[in-house]
């Protein structure tokens, strides 16, 4: 039997990028989601949105062409595509909260079979909690996809029946991309849309804490 | 005894204009209030606001210099002063509702001694009611001054104990300018600040339906 | 490639259903999407609810739509015209049109709320008046307020000064008025624009309506509003 | 004549009281009113509540204010820095500063509400999470929502790109962020601007903050944010 090889983060991002159609307005959360932009071909016009007031973000500039006044929500230097625009924070979140983004992609600690997502706090007390725009994005976008490793470093499942970490939003995740496959959230729970090459459903199931239904 | 001569509308507007200090942001309602702008000397920088998205309105242009895209809330052609700006209707009313205007001047059918104002409907059914921005302005400006004839054409008092017409807002009027004088609204009711030349308090009182207190 | 510019009015109005709630921009004669209203008339949708600041004047624009019996209800702040009696007046007196009067700022804010994902908000405007009778009220921070709900459109008709193929828009002077707010508040936002410009021709710092709010743009270089 | 340009920092900060709620613009290193924060430090007000998106990083800006023990409480969405441990972290761990976490969009909207005269609004953001525990909630149009209240400042510190003597402002690229919103939400709005220009030099169609929201402007041509 062939050993299956979990996707690297870049490959996960590339896999997700394939599913974003031309013309969508998309917000990418910090972490793995940010990598997605690199895998959307420029001829596909996807409008990337940033919470700090940018629509039509372009890729990171080369070091010699950095614009000091232009950063994304992850505080990285970015560029503006031709046709992009600037606005203030209240207008930016009006865009988010009003359901005008076709898609938001967030990293997560856990996603539950009922669509709940936990991505902002682990409940530990060592550092101050920090939510940023995650709750607004999760509640506001037309659809939310989560992208994350299938399990924690010590093997604990992240696809769960109910989240154990503090929630970000309730019942909002439509699809999860992991290093093992793609999983839709339906009324029946997680449905496997795709597994990486060589991985069989029982193996994916063994690394999950909720039932994975065959497509 | 000398006969007192009630002020003409233009004189009422001029009288009110004297009390607007340099630097105030002011919205003038339609009717007599609109005339006020003509009596504020240009060297006094008063920022006139218009509900349809203008701050820093200037006087009406001569016919040959009309800008077809620039009208005020009364749908009259106006100009923009150097330093003026445009914004949309929600931002315009945010400015009003948020208490950023120093003054709003409204015409009125009735003003009550408790500061209530009735200026939008007479209760008749012949035509459709029309409120425009009056309720927002009355509730939102830092202070509201009313300007109106002291009585109706058939002699009915407009300074009243309680309004009989449908209300625009409750307890908001600070001062009333009429063709007979200037009246502050205080916790004790109407207080006479000024009467036109030759008019004595009992004569003004006779044309009012609420008590006028001496200053 | 994103291209929201449509060739003609039929395409611009495709899919508008009977019973639609239609937000119509403009204030006075300025910023009125009259060509789109004409297109809506041609398209044939009936039983419409129109949300606009005014009730139309003269024979064009909203008046034409009303004259043809397409409007069931009008939601507006000021159904009165400087230019004399209107078709709306006629219909209203005859009991042939419903009217809901909303304070102008509340009207704007209810649509802003719809666009911004705020289902309801409290405002002092209108408290204690006929126009808020029956509405929930409470005192907040010492001021009595009423609860107002988001006002959504199925369709927004918007007049712009310049548009690009992404649907980015600018407006001209007081032509801005309700147009940018309405553009955010409808399921389908259709724009008539005086100018259609190349992508990148609009200053990113001066775009008033980012293209995300716009679905279709028709080039209608009609010139100046009537003086 | 209206002239909001003040000569120096002492004048800019005159009258700020102990216990003030201070809204501080900026996001990341961009649009941070660091010179004004320095002025506030000099001015000496204590027991401050700071409202900002972040908790400051490095040794400058908010960190300096915290280091000097002037901040009693921080209201923010993301008290974490890309650039390593912060002074805030230190104070927080030692129990020497209060923290209120607010979702970033709710933070922006609460200040927008303060500026716009909306005492409270319903939003789906945060419903059912720890951050809205104890808040009033209800279902509106099928979505569960929580009630959020307007967030006012006694003072707003704003960074702008260009300002004129009326206080009209423009911003630069992502330097806009919270600045224009905070400018509307405080009793006293003080601006540091890279450029001070003649009245009329700013395009009326592209002014982001009309001068009505601004009380004082200091010219601080500090150049670009740190890369």
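Labels for the chains are A, B, C and D, by order of writing; each one numbers its residues from 1.
Here is the rule we use: a residue touches a chain if its C-beta (ideal position, glycine included) is under 8 Å from a C-beta of that chain, and two chains touch if they have at least 3 such contacts.
Being a predicted model, the structure only gives us computed values, none of them experimental.
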Message: Counting C-beta pairs in contact, which chain pair has more, A-C or A-D?
response: A-D
- prompt: Just how far, in Å, is the C-alpha centre of chain D from the one of chain C?
  reply: 33
- prompt: Using mean CA coordinates as chain centres, what's the chain B-chain D distance in Å?
  reply: 35
Field: Where chain A and chain D are represented by their mean Cα positions, the distance between them in whole Å
entry: 29
- prompt: Taking each residue of chain D in turn, which ones touch at least two of the other chains?
  reply: 109, 112, 116-118, 123-124, 171-173, 205
Query: Which residues belonging to chain B are in contact with no fewer than two other chains?
result: 80, 86-87, 93-94, 96-97, 140
Task: If every chain is a node and every touching pair an edge, decide which shape results: line, ring, star, complete or other.
output: other
- line: Listing every touching pair of chains gives A-C, A-D, B-C, B-D, C-D
Query: Okay, in this complex, where on chain C does chain A touch?
result: 1-2, 112, 114-118, 164-166, 168, 184, 199-200, 202, 204-205, 207, 210-213
Task: Using the touch rule from the top, collect the residues of chain D that touch chain C in their complex.
output: 109, 113, 116-124, 140-141, 143, 145, 149-150, 170-173, 203, 205-206
Message: So in the complex, the part of chain A that touches chain D is made up of which residues?
response: 50-54, 66-75, 77, 80, 86-90, 92-94, 96-97, 121, 126-137, 139-140, 166-170
Message: Could you list, by residue number, the parts of chain B that touch chain D in their complex?
response: 22-23, 25, 43, 45, 47, 49, 55-56, 80, 82-87, 93-101, 140
Touching residues on chain D, where the partner in the complex is chain A: 27-30, 53, 55, 77-80, 82, 88-89, 92-93, 99, 101-106, 108-109, 111-112, 123-131, 144, 171-181, 208, 224-227
